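Order of writing sets the chain letters: A, B and C. Residues in each chain are counted from 1.
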Amino acid sequence: MENENIVTFDNVTIDYVMKKYNLRAVTDFTLNIRRGGITAFVGESGSGKTTAVSALLQAISSPGKITQGKVVFHGDEDVDVSELKGEELRRFRWEQVSMVFQASQSTLNPLMTIYDQFYETAFYHGAVASKEAFAERLDELFDMVKLDARRVLKAYPHQMSGGMKQRVMIAFALLLRPSLVILDEPTTALDVITQKYIFNQLIEINRKLNTTFLLLTHDIGIVAKAADYVAVMYAGSIMEYADVYTLFGEKLHPYTRGLINSTPSLIRDAGEIKPIPGAPPDIRSLPEGCPFHPRCEFCTERCKTQKPKLIRRGEHHWIACHLYGQDGGEHENS
Amino acid sequence: MKPLKAAGSFFADLWKSFRTFCSMIYSNKKAFAGAIILLVFVFLALFGRLIFPYDDTTSFADMYKQPSWEHWLGTDGMGRDLFDMIIYGTRDVMTIAFLTALITVSIGVIVGMVAGYAGGWTDKIIGMVTNVFMSLPTFPILLILSMFITIKDNFTLAVILSVFSWPGLARAVRSQIISLKERDFIQICKVMGVGRGHIVFSELMPNIMSFIAINFISSMKNAITASVGMMTLGLALFEPTNWGGIIVSARNSGAFAIPAAQLSIVAPVVTIMIFQIGAILFSNGLDEAFNPRLRKN
Amino acid sequence: MTIALGKIKSFFYKTKYFWTKLLVTLLTLFIVAVLSFVLIKSLPGDVVHNYAVNLQNTLKVSYEEAYETATRLLNYDPEQNIAAAFVSYLGGLFRGNLGQSMYMDNVTANTIIRDYLPWTLLVSSVSLFFSFLIGTAMGVRMARNRNGATDTVCTGIITVTSSIPDYLLGVILLMFFGSVLGIFPTYGAYDLATKGDTWKFILSVLHHAALPIITYTISQIGGWALMAKGSAVSVLGDDYVNAAVMRGLPPRLIERKYLKRNAMLPLVTSLVISLAYLFGGSAVMESVFAYPGIGRAFTTYIGKRDYFVIQGLFLFLSFFIIIANLVADVLCGLLDPRIRER
């Protein structure tokens, strides 16, 4: 009986250990990511979403480390990702979990053709049965991302546009049929039209395959369109987690509400947009209590001193805010 | 009224960039150490002769004396105090190095800026000229030139040495200018209708200041190496107190074989090394300060 | 027919990069030839006349005959108009006649090259070989542990060795190891006495070449190390290396294909260009070691004002450097597909 969750973050804290101080990027992060569908992590830059998610590939950039808790991947067996080493780790990467990086990073080797790079990865994971079978697989993949395999495979990275490269990266991520694909701001560097196109593709692919997508973004509009479940992060802590309809329907957490309300819309008047007051958090010196309290219009004395715990509110709804029943109700994920 | 104001603001900008420049040097250990070494040499070049008076009377009796309180580094083949000679010669060496660097950098920067800023055909022609210069073997040409021109004074030497150094610098300056030209703040200037002269002097130049400084020092470093080389080959006349001159005279009088005389070769070589190390530290340090990626962490 | 033409046209277009480079090279070569021709034309005094007088005495012939022989040998007739003279000069070049000495009958630029070049090549190539290997290995190691002791120590060594001009290093080493300690000989390429015996000859050659080679190697290591370090550092920082790790590629493969290959690229160009400069030798260095290399020969003949020989040697040197530039560019284009597009 397959676990309904694919990943469990169990009270994870990640610190960047520097010479003079520690930077706490992620604090007491507890979350289950459901298998299948698209889960989105929303947050501004510095919210800790990339750091938290890098743990899934044991890719937290040095000098970061997990100082508390563990990240468990529910594959054929439960695996603590940070315990993986050597050959095990090598096979885990890309076969179980893969990632589509931000377009601004040049993640393809400029000296190799696309075909060579795909072949190389497949080969070193023992996934090439025969050249013909592999060619078929490539056709399948490129068809999914709507690219002309014959043209693209012969090309070098610099010969392609940004949009094409991103689609290649998506095909690359799906190559070994992983159970989980992380997409880190996959369309931020692209123009809106290509953005929409690629997202439509992503949603379609997700529906066809049995793969879980973990989407990282700061764009709440994309979340509304693509996600099934949403986790809202702020300054390294999780603020709210819900299925997308509940999140947008109820808008319980003040930060969530702020995010949704600050999005421009074709329908509403420009004057109705309310940006979130205050300045983005400085993770070197986070305030006591709830990290969002300096900018929250509902801030109380309790918010300033006591950090709210993550409480269950509905079947797929968790929230960390003093406004919503800190006493009573289940605590944390059980 | 307007040109006066323009000149005034130009100098104000220049002074400001200079001060930022100085604070950058101060903040980086390497650059600072290098700068100190270089400044010591400059100081010695200017005032060394007053502090350590040099007596150029020759006396074979005092030949190749060992270091003592009277002669800190001993004497050379003609009984002259080695230490004083080196100090005295600093002015000569610095003059050559400075002049060469000045000429090289002036030509290189002007040509580079013209090529980079003007673009189009000017750029292409200048590009071809620099390409040709750069694909010619410089030392053989220098030797050939020496056939026609006897190098008697420092200025001629400086000019000859600069002839082949400026193309490299021009090319580098040109690419710097090109990358700067496309940057936003220059585009803004253009849109605002700011005059071209102002763009060139008040906006572009301060940005390549550090680049120019680094190249100036490198130029000095190369000039010393090249000038001493030419002295060794006998292609340039030299002062006996010039560091290279001391080495060449010593070698010609067979100092190699005489153990007592070896200091007269080692000392000037070490002096050259100290200067070069100062130059290297300074330029590397400055490079690090302006290119944070090069820093250690 | 049109298809064939189309294919030819597209071939030329794709390899456009290479053709442009070739064109520029030929142009530069031509310019150099012109320059050296102009050089001779602008010499003070009547060169041919002097040579003719010389010939007249040695060959004991009439002035007219001597003059004719002179123009033939020198491949230069001041009477001809410039265009014709230049053409015959080029003709001479293509026939391999690089220049006749004006003072010694059996000496031409070709003979000089034949006699002196091998010695220069011996020293330069061995030094380049060692300094490249040691230098790049050092540089890569420095890039790997950037904050460690290795980096600091190596940087220190490099700073010191770069601060001393190569020939002065030669002077110092020659003084200590040659004169003082007597381990190495202080001049020449080999000991004349060993000419008969092959083994002794080879040993003597190596013995004499040792100090120059050591000096060259030490002075060049710094350059290679810094280049290798810079390149390796920038490659290490590139995202595609990290991305390759994330794809679960084995570390050995990454080091080989992603790091080394990409980092070595800029070094290959420098290597090829250095190969060209091998042919020039360092005039000063050879003078310090009294080593019979081509640089020293060049200096000597300049001293003698033996113009035609100088011209020939200069052309020879330039030729190699220019060709080397072309080879380096072509190699770069072949190895790095990005450059071909520009």
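In the analysis below, a contact is a pair of C-beta atoms (placed from the backbone, for glycine too) under 8 Å apart; a residue touches a chain by one contact, two chains touch by 3 or more.
Being a predicted model, the structure only gives us computed values, none of them experimental.
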Q: Could you classify the connectivity of these chains, where an edge means two chains touch, as line, ring, star, complete or other?
A: line
Q. Most contacts: which chain pair?
A. B-C
Q: For chain A and chain B, let me know how many angstrom lie between their CA-based centres, rounded off.
A: 54
Q: Averaged over CA atoms, how far is the centre of chain B from the centre of chain C? Could you give it in whole Å?
A: 26
Q: Would you pick out the residues of chain C that each touch at least 2 other chains?
A: none
Q.
With touch defined as at the start, can you tell me which chain C residues reach chain B in the complex?
A. 24, 28, 31-32, 39, 146-147, 159-160, 162-165, 167-168, 171-172, 174-175, 178-180, 186, 237, 277, 280, 282-284, 287-288, 295, 298-299, 302, 305, 310, 313-314, 317-318, 321-322, 325
(Q) List the residues on chain C that touch chain A in their complex, please. (A) 238-240, 242-250, 253, 257-258, 261-262, 335-338, 341
Q: Name, in rising order, each residue of chain A that touches chain C in their complex.
A: 57, 59, 89-95, 98-99, 101, 105-112, 120-121, 124-125, 156, 158-159, 172
Q: Would you tell me which residues of chain B are touching chain C in their complex?
A: 131-132, 135-137, 139-141, 143-144, 146-147, 224-225, 228-229, 232-233, 247, 251, 256-257, 259, 262, 265-266, 269, 272-274, 276-277, 280-281, 293, 296-297
